[in-house]
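One chain, subunit A, appears in both complexes that follow, with subunit B as partner in the first and subunit C in the second.
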Partner chain A sequence: MSMAAKGIGTLKFLLTCWKLNLASAMEYRLSFFMLAGMMFINNFMWLFFWSLFFGRFQVVNGWDLSDVMMLWAVGAGGFGWANMLFGNFNRIAPIVSGGQLDVYLSQPKPVLLHVLASRMSLTAVGDFMFGLVIYGWVGDHSLRGALLFTAGLIISGVLIMAVTIIGGCLSFYVGNSEGIANQVFNSFLALSTYPSDIFRGFAKALLFSIIPAGFISYLPIGLMRDFDAIFVLEAVAVTLGFLGIGIFFFHRGLRKYSSGNAIALRG
Partner chain B sequence: MNAMNAMNAMKLMKAAAVARITWRQQLAYKTDFLMRSSFLLLILFVFVQLWGAAYQGDTTRVINGYTLKQIIWYLVFTEAITMAVPALCGLIENEVKSGDIAIRLIRPFSYVGYHYSSYLAEAIFRFFIHLAIGSIIAWTFAGPPSFGVGWAGLFALTLGAITIAFLLNMIVALCAFWVEETRGMEFVLHKLQFTVGGMLLPLDLMPEWLQRICAWMPFQAMLYFPARTAVNYGEASLLQQFGIQAAWIVVLAAAVMFMYRRGVAKLHVNGG
Partner chain C sequence: MTMVALQTHALSKIFTVKQKRAGLTGSIRSLIKPQWEEKIAVKGIDLTVQRGEMVAFLGPNGAGKSTTIKMLTGILHPSSGEAQVLGLTPWRERAKLAYRIGAVFGQKSQLWYHLPPIDTFDLISRIYELDRSEYAARRNDLIERFELGPYLNIPVRKLSLGERMRCEIAVSFLHRPQLLFLDEPTIGLDVVVKQRIRELIREVNKEEGTTVFLTSHDAGDVEELCSRAVVIHHGGILLDAPVDRLKREVLSRKIISLTLASGFDPTMLPSQVGTEVLKVEGRRVKIAVDLQQTDIEAVLGSLIGRFRLEDVTVEDPPMEEIITHIYGSGGG
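Now for the complex of A and B:
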């Protein structure tokens, strides 16, 4: 089979997964809208805090309220689409340690992609909508602005997913690492929602290297407000690099994977 | 009179036994504790950076009665209290849904009293652990907590604070008798603590209109009172703060007892 045909086949498969996930979410419509609405309010409460904070300080290390709002738009929006389309990315650790990979391994589809696309997070819809609403509120609505915002969403979503996959893959090597994987995920999300310029020295160096949250939290400035080509290139390279490492870890981990005699089925 | 005293002593012994069991349970899950604690360290580190940037590193600057050091320690205290509060809503919701509540109801100990004993033991344990962990960050970046009698104010008001937190959570949890899901309401409660409770920002730094609203809510008595008293002792009368806490405890306890009586009367548990 040619590469193009394989690519089209995979895309069709993904579209079917997403369609089924959406249909399944819509079975529980009330719960779906409630959870999405809750996440929307949650993010909004954070912005309320920031509005009080900036009401007192106006500008902090070059950041004002609209920059932080865009940071939340790009962070929550990126997390939202990633968790809507690839909602298992933060559940790799329990899937591996619970021996639930068997069902994916037995099917002729790319294992990691299949695992990731097999779930849609209901709360994530609220995050994604929140991102769009905040962009509509304070973002740059020109074509250039919209394209840069879209690029920011892609970078933040893929980077959050890549770092979380790496954390989840620890389960292949150290057994049940659900706690550590959750910690990696929560810490990374927390770090990526504060202005990168409040950090100094070693902490800042970490945020732009092994804990690459800075490549998300600097997007409102380096990508959208004062376009900095070097930062953007670095952000893209780091995102692809971490994604590559995640995929590599997952496939290396598969060789070590073992499961018990539990029979797993997907509903 | 003697019989009354003996009964009260018995009740206290039961509560102490529940507290002992809870402490043992807490000590059994050390990894979980370490995880939560490391997250607290991270969050406090981020706050140190954020407020350091807001104060432009100036340790002598005073904003609305707070120096940088006072703000950092204030956040340690509010975080320690917030993270001390155990997740009560999920626990009670599960007991009602699964029917496990029946086991608790047949025991010779009040249902709310049982949960309060267990809650208090866990909350006190977690408060001191989180306070110790948070202090590492604050001491390192902001200096020693030389608050003198402020510490006495903190500990005295924290007991009332976690009792108010219990009652607020219990009100939401008892809704499980009528509705299937209390998660949404618990979520709103947490968000109110987070903002109007002064968890991330002392109420003194908020706009005047918001401060006026907060003054009429129970949330300030939960986080703001103990933390503000610790770092700014004497700013407000301790007696007045105790009075407000006591008034809220009476009002909320009455609401809890009313809801519990109404709820348990309509409870049906099948099988077992």
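Now for the complex of A and C:
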């Protein structure tokens, strides 16, 4: 089979997966709208606190309220689409330690992709919508602005996914790493929602290296407000690098996968 | 094309299991100084299965059946040994192999839980990249053959276990696998559904030449479905024989369980050769029948003539008893 045919086949498979996820979510419509709506409101609460803060200090290290709002837009929006389309990315640890990879491994599609695309998070719809609403409110609505915001969403979503997958893959090596994986996920998400310029020295170095949350939290400035080609290139390289590491760890981990006898159901 | 469907040589799997003593102290001790123990799940299995064969892979719980099947489908990497399935090494060429085999794990569903089975059919057709018109024809054939019409649009969560298993097996046939692995397909099902599922598997094997490799701890699956049985115990092969021989030598006993309408009077039991009372508990009685000395019909006939019965079931002896019997007679 040629690469192009393979790619088209995988795309059709992904589209069917997403269609089924959505249909599955719609089975419980009330729950769907409540969860999505609650997450939307939850994100607004955070912005409300930031607005109180900026009511006292107009500018903090070059950041004003609209930058922080765009940071939330790009962070929540990126997390939102990743969790909508690849909703199992923060459940790798329990899936591995619970021996639930068997069905994915017995089928021919790429295992990690198949696992990731097999779930849609309902709350994530609220996150994604929140990101779009904030962009509509304070973002740059020119074509360039829209493209840069889209690029920001892609970078933040893929980077959040990649770091979380790496945390989840620990399960192949240390047994149930659900707790550690959750810690990695939550800390990374929290760190990516604070303006990167409030950190200094070692903390800042960490945010732009092994905990690459800085490449998300600087997006409103380095990508969208004052386009910095070097930062953007670094952000793309780091995102692809972490994604590559995540995929590598996952596939190496499969050799150590020990399955299990837990009863597993899909969807 | 080679006639061998699968072949293994000294296939082994060892799991490293953490040992933990009971209670909180045990947990703390295990945290500071963990103790690991090697558990041999599969011990050097040599096996060859020809194309079109229906092989039952039997053994009690924990014998290594599922681990073997998981290595043969590429889910687990073995600790040592070799295997070729349809000419491919499962754990190295997993994706390539997956297009040509099917797998049903009784305890791991591939059906979308909240959606009707028809949606899973659609997804599976995309996973195996089936041509649309070919898919529609095959799906309709399977729906008819497995009589899935009434359940097709009901969410899987609302189906009974038997209905779900029929859907599971039908879905696994969608891409016309050359080799089908069935891991405990009849687990937890009632006698009627078990029987129907066995018939359907037999039908597809006959019509499409699908090789079937079935693990079970239900002796009935062997008798009714397979021509050959491989019994494993403690990770190694204990017996590899035609089912006819197994029936003659090992499955020669049946257990009759009776619930009587009134109390049990042992003097009323027929003094029939080849019968043995195993257990009496109030109005419940278990009798073993040796089929080499008498037949079930005769024993049932004389029981019905002597007692008023509320319920009666005829079962195969449990797998543990079969294993003990094989051990006693010196293996295969």
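Everything that follows uses one rule, which is that the second predicted complex is superposed on the first by the 262 of 267 C-alpha atoms of A that agree within 3 Å, B and C clash if a C-alpha of one lies under 4 Å from a C-alpha of the other, contacts with A are read in each partner's own complex, and residues count from 1 in each chain.
Here, a residue touches a chain if its C-beta (ideal position, glycine included) is under 8 Å from a C-beta of that chain, and two chains touch if they have at least 3 such contacts.
All of these numbers come straight from a predicted model, not from anything done at the bench.
After alignment on the shared subunit A, the placement of subunit B and subunit C results in a side-by-side fit free of clashes.
By the touch criterion defined above, A:Ile198 reaches subunit B but does not reach subunit C. Of the two partner chains, subunit B is the only one that A:Phe53 touches; subunit C does not reach it.
By the touch criterion stated above, A:Met34 is placed in contact with subunit B alone, subunit C being left untouched. By the document's definition of touching, neither partner reaches A:Asp228: not subunit B, not subunit C. Figure legend note: subunit B and subunit C, brought together by superposition on chain A, show a least Cα distance of 7 Å. Within the complex formed with subunit A, the subunit B residues making contact are 31-32, 35, 38-39, 42-43, 45-46, 49-50, 52-54, 63-64, 184, 187-188, 191, 194-195, 200-201, 205-207, 210.
Residues 15, 18, 66-67, 70, 73-77, 94-96, 98-99, 101, 103, 105, 107-115, 119, 122-123, 126-129, 155-156 of subunit C are the ones touching subunit A in the complex. Within the complex, the subunit A residues that touch subunit C are 9, 12-13, 16-17, 20, 23-24, 27-28, 100-103, 105-110, 114, 175, 254-259, 261-267. Remark: subunit A residues 34, 38, 41-42, 45, 48-49, 52-53, 55-57, 60-61, 179-180, 182-183, 186-187, 190-191, 194-195, 197-200, 203 touch subunit B in the complex.
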